[in-house]
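Multiple structures are listed underneath, in structure tokens.
The two complexes that follow have chain A in common; it is paired with chain B in the first and with chain C in the second.
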Partner chain A sequence: MINAVGRDIPDYLLVDGKEVYQGRFAKDGQVLKRDAPTCVMNEKPVADKLCESIREACERCGAHDGMTISFHHAFRNGDYTASMVCRVLVEEMGIKDLRVAATSLGDAHNLLADYIEQGIIVQVQASGVRGRIGDAISHGKLKEPAIIRSHGGRPRAMMAGELHIDIAFLAAASSDKVGNASGNGGKNNCGSMGYAMPDSRYADKVVVITDTLAPFPNVPASVKCEDVDCVVVVDEIGDPKRIGTKEARVTQDPRDLMMAERAADVIAATPWFVDGFSYQTGAGGPSLAVTRFLEERMDAKEIKMGVAFGGITGNMCDLQDRGYVRKIVDTQDFDTKAIAHLHDCPDHVEMTVSDYANPASKGAYVNYLDYMILAALEVDVNFNVNVITGSDGVVRGAPGGHPDTAAGSKCCIIVTPLVRGRMPTVCKEVTTVTTPGECIDVVVTDYGTAVNPARQDIIDCLDAAGIPHVSIEYLQEKAYSIVGEPDPLKWEDKVVAIVEARDGTILDVIRQIKPYTFE
Partner chain B sequence: MAGKITRPRPNKDRLRRTMMFMNAQRPGLIKDAYIYGCDSIMLDLEDAVAVNQKDAARFSLYHALTTVDYGDTEVIVRINGTDTEYWREDVRVCVAGGADGIRIPKCESAAQVKEVEAAVEEAEREFGVEVGWTLLMAALESPLGIMNAYEICTASDRMLGCAISGGDFRTSMRVQIEPDGIEINTARSMMLLAARAAGVQCLDTMYPNLDDEEGFRREVDLIVRMGFDGKSLINPKQIAYVHERLAPTQKQIAHSEKIVRSCREQADAGVGVYVVDGKMVDPPFFREAERIIELAKKCGVYHGDL
Partner chain C sequence: MVIEKMAMAGTLESSDAQVTVEPADSLTLHIESSVLNQYGRQIKATVEEVLARLDVTSGRVTVVDKGALDCTLRARVECAVFRSCDASMVNVPWGGVIQ
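== the complex of A and B ==
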């Protein structure tokens, strides 16, 4: 069936009430009953919940073949925990048919790619997949299609009972013996535990894994003892220095700076740029630089940012320290500076990814977002965005909060170079739709800025401010005139991943990639 | 090898507020340098290119000139000095590729300009380019060049203007760059006088300290007040401030509009000298007001109906 973004979704996937995507607000008002974890009475006091080993915790929690386990990705490339746990389950306990529902998976999890190839991990559900796991998925190594959900789509799926986690293994920088766990106060801090917190509320069993045992009670706690079954102390849970490849620094690349300044000009020209505005940006080169240019424009208008949220970098913390940002509300920290800042500064606080982006909540933060600055691998002439499949069709990215913030924000700006190497970024049709074009308002490139024709209000603002803009078709034609039109990718029939819209409908599917051969 | 030139005809008097230098050998830089919005780009075959890479740079330059659509951004090439073995081949490639103009480095005499002009004309005939198409400009890099600025600027009809090159000039004067420009301001002034006398444009040197934003702005403020037409740049981030400072202010525009309108009325009534806003106005004011309106139009900051 063709869905609202023109994608053909195979009928065999449309079972058990699964529907195709019908538009960004099509499910508004739908009634959900919250799925709840299975709980066990714990009347009799116990001294602690400490286990000798991960294996003991797995046994106590009833680890079994075919179960769904979860991890959070606050340590990103520095995460040790997911691999550590999977190794125990597979090598020591011989568990089979594992379903891994991590908040995201990446280069730190190449071991899991081995288990996928061996048929031990049969399914993956995540907000993003990079590295070898992405390769394995795209080459059809999973028994069941992977499910890609946005940061908000994941807690929605847990609430709706579509994603039911048997055991959540949650790395925590510090924990006491009963499971009051935090992303700070340990020897390896990750800062916000925004991803872990919803899992701790919805999983049947919760295992906190830490390398720093703190005195009871370890409060304030992000994951609370009432939700935790077991606590395991290990040598190292992760390496905070590898959360980002390095401390996010503002780019000096003139092309990035030019695009960033143009995006800042768009922001300054639109009516939501008033005292107390809310703002989020990614940690990529040009996105991060937008904030720098906003500073001058805030000065000129004598206004301050009310709140910055989402993933937080040290740059945003600096900006707050210099008085430009009243509150930072933080789902994850991108560098060690932001991690420490979350701990030290009362106006920089943690939030759960459900608070942040869950469309089935009573009002996620993204719905109160004025400006969202995003990147893209591809944008097409319908403004649909791809951030998941690379130019070779292989899964290698993460929608993360992209679809949530784009749908919620008043003005969503994509900042991207028009071409990358030999590939056009602005194209006729994206390889995979991860964010529907109806949610994208402005595309800023090095060759010009295009506004979604649906946003006549923004077009009028740019015209009034004398900011030049072009059509998205102009950008696409310009891109093709420079690098040519790419040949279509070649696919097998087999669906290897389902891209779920944040409301749980099917936005797109990713098929198995056919090895390239010369013709 | 020459193909048909598709670029617009070079215009000696066009706006040249910003002239951005880049190494002609680096395709990643020159393939789309026009996106930054500078008025002219300066593709360098001289100092930026190593001696054993001159031919590679010429190929890169030729293909850029003939395949990249630079739109209305002017494309000028800095050739190697006339005291080298490279410059004649540089000229042939520039002309064959259809460059808008050639910058003659280390220019010290009218004879040097005429020598390059002869080579350009020969190349134009060789490649079937209209004779006179290719403009010239001179880089003045020594005291002698500054002393001979007027004869240099008037040596050829192709001359669009001259530019001072601070690095070499300071070396020959045995001085370092100073915050207030005192070490080079005499030369700037002399060159400006010569250029204005010759009726050509006058461009300032590049500011070498990329990270010193304040120093750059101070230098731009200075040369704008001195009356320069534009400035050489080495990074796109320097463009915006020069364009901002060289554009007439809204106050200037409003005043000029008033003068132009009233002058037309007064002229119809047969009046020569009269008073606007308490100040005497006569033909020189009128011409300056018209120039400001024209400049404002070119800079894209004029929204009136004159």
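== the complex of A and C ==
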């Protein structure tokens, strides 16, 4: 069946009430009963919840074949915990048919790619898949299609009972003996535990894994003892220095700076740029630079940012320290500076990824977002965005909060170079739709700025401010004139991954890629 | 032109291509590319067009492409062939096969 972004979704996937995507607000007002985890009565006085080993915790939590386990990715490329736990489950306990529902997976998890290839991990559900796991998925190694969800879509799926986690293994920088756990206060801090908190409330069993045992009670705690079954102390949970591949610093690339300045001009020309505005950027070079150009525009208008939220960099913390930002509400820290800042500054606070982006809530933060600055791998002439499949059709990205913030924000701006190497960013049709075009308002490139024709209000603002703009088709033609028109990718029939819209409908599918031949 | 010895041009930097040519009895072409799925056909056509223009009829040609534009690819193939027959420092056929 063809969905609202023109993608053909195979009928065999449309079972058990699964529907195709029908538009960004199609499910608004729908009533939903929250799924609840099972809980065991604990009445007796006990000393602690400490386990000698991960294996002991797994046994106490009833680890079994076919179970669904979860991890959070606050340590990103520096995460040790997911691989550590999977090794115990597979090598020591011989568990089979594992389903891994991590908040995201990447280069730190190549061991899991081995288990996928060996048929031990049979399914993956995540907001992003990078590294060898992406290759394994794209080459059809999973028994069941992977499910890709946004940051808001994942807690929605847990609330709706579509994703039910048997055991959540949550790395925590510090924890006491009963599971009051935090992303700070340890030897390896990750800062916000925004991804982990919803899992602690919706998983049947919760194991906190830490390398720093803090005195009881370890409060304020992000994950609370009432939700935790077991606590395991290991040598190292992760390496905070590898959260970001490099320290996020403002780019010196003149092309990035030019695009950033144009995006800042768009912001300053639109009506939501008033005192107390809310703002989020991705952590990419041009996106971060937009913030720098906003400073002088805030000065000129004598206004301050009310709140910055989402993933936080040291850059944004600096801006707050200099008085430009009243509150930072933080789901994830991208560098060690932001991690320390979360701990030290009372106006920089943690929030859960559900609070941030869950559409099945009474109003997530993204619904109150004025400006969202995002990157994209591809944008097509219908403004649909792809951030998951590369030019070879292989899964190597993460929607993350992209679809949530794009849908919720009043003005969503994509900042991207027109071409990257030989890859055209603005194209006729994206490989995979991860964010529907109806959520994308402005595309800023080094060859011009295009506004979604659906946003006549923004077009009028730019015209009034004398900011030039072009059609998205002009940008696409310009890109193809530089790099040539790409040949269509060749796919097998087999669906290897399902891209869920944030409301749980099917936005797109990713098929197995055919090996390339010159014939 | 005749490929007389092994020669190389280009780098493995993003947006470049590294082209290696070696003497051989027949003409063979091996292409690796970071954008193979979308541009493999066009890369092959570009390399073949340059080799034909230079009248190269034998040799083993290897292209390791990192997303180079056609103009870059053409320049790298030309340079590798010139170096293989000592036509790169002097005797560059400006105005001939190089327009």
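We adopt the following convention: the second predicted complex is superposed on the first by the 519 of 519 C-alpha atoms of A that agree within 3 Å, B and C clash if a C-alpha of one lies under 4 Å from a C-alpha of the other, contacts with A are read in each partner's own complex, and residues count from 1 in each chain.
In this section, a residue touches a chain if its C-beta (ideal position, glycine included) is under 8 Å from a C-beta of that chain, and two chains touch if they have at least 3 such contacts.
Worth saying up front: this structure is predicted, and the values here are computed from it rather than measured.
Touch criterion not met for A:13: it reaches neither chain B nor chain C. In the superposition on chain A, A:423 makes contact with chain C only, not with chain B.
In the superposition on chain A, no contact is made by A:233 with either chain B or chain C. Contacts of A:470 after superposition on the shared chain: neither chain B nor chain C is touched. Of the two partner chains placed by the overlay, neither chain B nor chain C lies in contact with A:93.
In the superposed model, C is the one of chain B and chain C that contacts more residues of chain A.
When the two complexes are overlaid on their common chain A, residue A:257 makes contact with chain B while staying clear of chain C. With both structures placed on the common chain, the touch criterion links A:490 to chain C but leaves chain B unconnected.
In the superposition on chain A, the residues of chain A touched by chain B in one structure and by chain C in the other are 482.
Chain C meets chain A in the complex at residues 14-15, 31, 34-42, 44, 66-70.
By the touch criterion given at the top, residues 254-255, 257-258, 261, 446-447, 466, 482 of chain A touch chain B in their complex. Remark: chain B residues 31-32, 35-36, 235-237, 240, 300 touch chain A in the complex. Looking at the complex, you find that chain A touches chain C at residues 391-393, 420-423, 482-484, 486-487, 489-490, 513, 516, 518.
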